[in-house]
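Dropping the structure in here first, questions after.
Labels for the chains are A, B, C and D, by order of writing; each one numbers its residues from 1.
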Amino acid sequence: MPEILLTGFQPYGGRQLNPSAEIIRALDGTKIAGCSVRGMLLPVSFKAAQQPLEDAIAEHRPTVVVSAGLWPGEPVIRLERVAVNRASFEMPDNDGQRPLDENVDPGGPVARAVTLPVGKIIPALRAKGIPARTSDTAGTFLCNATLFRALGACERAGTGARCGFVHLPYLPQQVAELLDELSNEGRLELHQRADLASMCLDMMLDAVGTILTLSLDPS
Amino acid sequence: MPEILLTGFQPYGGRQLNPSAEIIRALDGTKIAGCSVRGMLLPVSFKAAQQPLEDAIAEHRPTVVVSAGLWPGEPVIRLERVAVNRASFEMPDNDGQRPLDENVDPGGPVARAVTLPVGKIIPALRAKGIPARTSDTAGTFLCNATLFRALGACERAGTGARCGFVHLPYLPQQVAELLDELSNEGRLELHQRADLASMCLDMMLDAVGTILTLSLDPS
Amino acid sequence: MPEILLTGFQPYGGRQLNPSAEIIRALDGTKIAGCSVRGMLLPVSFKAAQQPLEDAIAEHRPTVVVSAGLWPGEPVIRLERVAVNRASFEMPDNDGQRPLDENVDPGGPVARAVTLPVGKIIPALRAKGIPARTSDTAGTFLCNATLFRALGACERAGTGARCGFVHLPYLPQQVAELLDELSNEGRLELHQRADLASMCLDMMLDAVGTILTLSLDPS
Amino acid sequence: MPEILLTGFQPYGGRQLNPSAEIIRALDGTKIAGCSVRGMLLPVSFKAAQQPLEDAIAEHRPTVVVSAGLWPGEPVIRLERVAVNRASFEMPDNDGQRPLDENVDPGGPVARAVTLPVGKIIPALRAKGIPARTSDTAGTFLCNATLFRALGACERAGTGARCGFVHLPYLPQQVAELLDELSNEGRLELHQRADLASMCLDMMLDAVGTILTLSLDPS
C-alpha cells in the first residue's frame, strides 16, 4: 500500500503561522490519487528536526516524500532542484541554535539532487493557473538541511522513493499582520521590504495536491 | 436611492486579462450594504476613457465612486491617496497613444486628494487578513488620469460623493502565463522581474466589497 | 549675483551616514557654472527642518533650490516631480515625532509641482552614464514635507527660482554596514530586503552637479 | 612562480558591455600581491567556453582561479559557494544554443564546492565599505557551468588551487542605457523591473583585488 510522507514546519522567527503547517493540518490522513497522506509536523530545530524524518522514511518506506516550508517574500510556488551539504542559518532556529558554515552531514556529498519529476510538475501547475517556478537553491537554513537529509534517507531506504521540497509564499493574513506590526512600530519603510507577496491557502493546497499526484505517477 | 459607481479597465499591454474587469463582471448589478453597484468597464484609452466616466457621475450622481486598475507587481491591495495632473505613459494605451509629460486637464490643479475614508479602510482590510496599504502615487498612466478626472467630476456634481482608486495585483493565472511566456521565449531572467506577486480573485472581491461598504458609511 | 541653495539632511533612523549630508559637505562653498553653492544641513525634524529653509529662501533669494535626501533601497538618482501636502511618517524623526496623516501646511494646496527642468535633466544624466529616473511621489516623510515647503517659499519669494528634490541611493559603505549588522544580529533574511542597492559618492556628486548646472540654464 | 587565472565573459543578451570583461581588461598582465594575473575572456557559449578554461588550468597550473560574470539586478558583490551539475539556460547563449535541464558534465557529481576562503573574504570586503554577500546558487546559466568545470579542472590538476566565482552587478552606464531603451520603446514599466542596481567599476576592481589577495594567502 503506497504512502505519501508530507512534512511541514512549525512557525518560527516570531511568526504566528507557517503555511506549511496549515498544509499538513489540511492534508494529513487524506488520500491523494488513492494514496494515504501521512502528515508530519517538524520542529524548527537543526538538532531535532532531522532524526524523526529519517526514521519515518526508514519505517514507513513512502513512495513519495515531499517537505514544505515557508520562504518569506517568495511570490510563487517554488520547487527545489537541489539540496547542499551546508547549514548557515541567517537567524537562530526555535532552539536558539544558529549553525554558521557547518555541514549538514559531515560525511555526505556536496549536494543531492531532488528526485521529483519537476520538469513535469511545473507546466502542470502553470496550466492550472498556479504561478510556479523551479529553484536551484533551497537556501542554507532548515529547509535545505531537511531536504538534504530526506534525500539521503530515501537513498538508504533503497525504495526509489521520489523526494523533494516545495517552498511556499506567505499566507495573505501573515502579510496583513506584518504590515500592521511594522506600521505600529514605526518601521514600515516599505522600500526596504521585498516580502509582501502572498498566496491563499486554497491555491497552495491545489499546488501541493498536484505535486503529489504527479510524483506518484511513474510515467 | 444611493448608488455606487465602480469602474474597471479592459486588458492592456498584450495581457489577456485585467483583474479590474473581473471585479466589474462579478459586482455589476449586485447590491452592497443595500446599495446598487453600477459597474462600468472603461477602455484603456487616454482619449476615450474619461468622458463616459464623467458623464456617468454627472448623470447618476453616485454616492461612492471607486475605480480599480491593475498594477503589475504590486503584492497587496493598494489604496491611492492622491491623483496628479500629469499624464506620462510608460507605454502606449490600446489606441497606440502615449502622452508624455502632458497635463490630464490643462486647466486643473496640480493634484486632487482622494475622498474615500482611507484611514478607516486599511485597518479594516488588514483585520480581515487582507494585505493592504496606502499609496501616495497612482502613477502617471491611465489609472491616475481616471482618478484625477473622477475626483473633478465629483466636485462639480457637488454631491459630496466619496471617490477613490484601488490598485490590484495580478491574478495568479496571469503570473502563471507570464512565467510560461517568458520561459518559452527564452526571456525568463527571473532576477530582472519584480512582477510575480498575485492575489486570488476571491480576496480581491472581499477587499473591494469592504472598501465600498466602508465608503458608504458616513460616520 | 545668482546663488544656489543646496540642502541635505543629517543621518536618521539609526544610521551613521546620510549621503545627502556628504553632498553638502563636498559642495558647500564651491562654485557650479560660476554660481556659488550655499550648502545647508537640515535636522531630521518635522518641527525644526522647515523654518530655516524658508528663511534662507526669503533672505538669500537663490536662483536654484535643490534639496537632497536618502531613499533607502532606491537604485538610481531619482528626481521628484511633485510634493503633496501630507505628512504621514513611517517612522519617528530624530525628535521622536511621528506625524500621521497630517497636512504639511493646513492652508496649502493638495500638491505643488517641481519647477526644475526635469525633462532636460534626466536624458543628460543618462547620457553621462548615470542611472536616473523621475518619480511622482516623494513619499510622505520629511523629504516630501521639505520639498512642499521649499516650493511654497519660492513662490512667495516671487523670484522664479527653480526648486526641486533629488532622492539618493545608499552609499556603498552603508549597505556594507547594513549587511554586517543584519548578519551579526541573525536577521539577514536577504529575501526580505529590497534595500541593498547603492551608488558611489563620486557619481552622486556628478549627478548633483549636472542637476544644478542644467537648472541654472534658463533655456 | 605562482599565477592567478582570472576569467570574464563577453557581452551577451543584447548588451553592449559586460562588467566582467572590463575587469579582465583592467587586470590582465598586472600583479596582485606579487603574483601575475592572467586574464582570459571567455565566449558566452555553452559549447566553446569550457575547454579553453580547462586547458589553461591544466597548462598554467594557477594557484588561484577566479571567474567573474554579470548577474543583472544583483546589488552587491556576490561570492558563490557552490556549482551544480545542471545547465538550464533561461535564454540562448551567443551561439543561439539553449540547453534545458541538461548536465554540465554527465559523468560528474551533483555539485562541487567552491574552494576560495569565502568566510574570510566577505568580512574583509565589508570592512572596506564594499557591499558583499555569499550565495548558494550560481544559477544554471553559463556562469554556473564555468564554475563547475573550473572546479573539476582544478581537482584534476591536483595543485590545490583555490577556485571560485564572483557575480558582479551591472555597471552604472548599463542601467542608464537600459532605462533609456525601455523608455524609448515604451516598455518602462518600472514596477516590473528588479534590475536597476549597479556598482561603479572602481569598486568592482577593489573587490576583485581583495578577493584575489586573500585567496593567495594560505593562512
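Observations on the structure shown:
Assume a contact is a pair of C-beta atoms (placed from the backbone, for glycine too) under 8 Å apart; a residue touches a chain by one contact, two chains touch by 3 or more.
None of the values given here were measured: they were computed from a predicted structure.
Graph distance from chain A to chain C, where chains that touch are one step apart, equals 1. Across the two candidate interfaces, B-C and C-D, the one carrying more C-beta contacts is C-D. Centre-to-centre separation of chain B and chain D, using mean CA positions: 43 Å.
Computed centre separation for the pair chain B/chain C is 30 angstrom, with centres defined by C-alpha atoms.
For the pair chain C and chain D, the distance between mean C-alpha positions equals 36 Å.
Each of residues 190 in chain D touches at least two other chains.
Arrangement of the chains shown, judged by which pairs touch: all-to-all, with no pair of chains left without contact. Taken together, the chain C residues at the contact with chain A in this complex read 13, 71-74, 89-92, 98, 183, 186-195.
Put simply, chain C touches chain B in their complex at residues 81-82, 84, 86, 88, 101, 109-113, 119, 135-137, 139-140, 144. Taken together, the chain D residues at the contact with chain C in this complex read 75-76, 123, 125-133, 172-173, 175-177, 179-180, 190, 196-200, 202-203.
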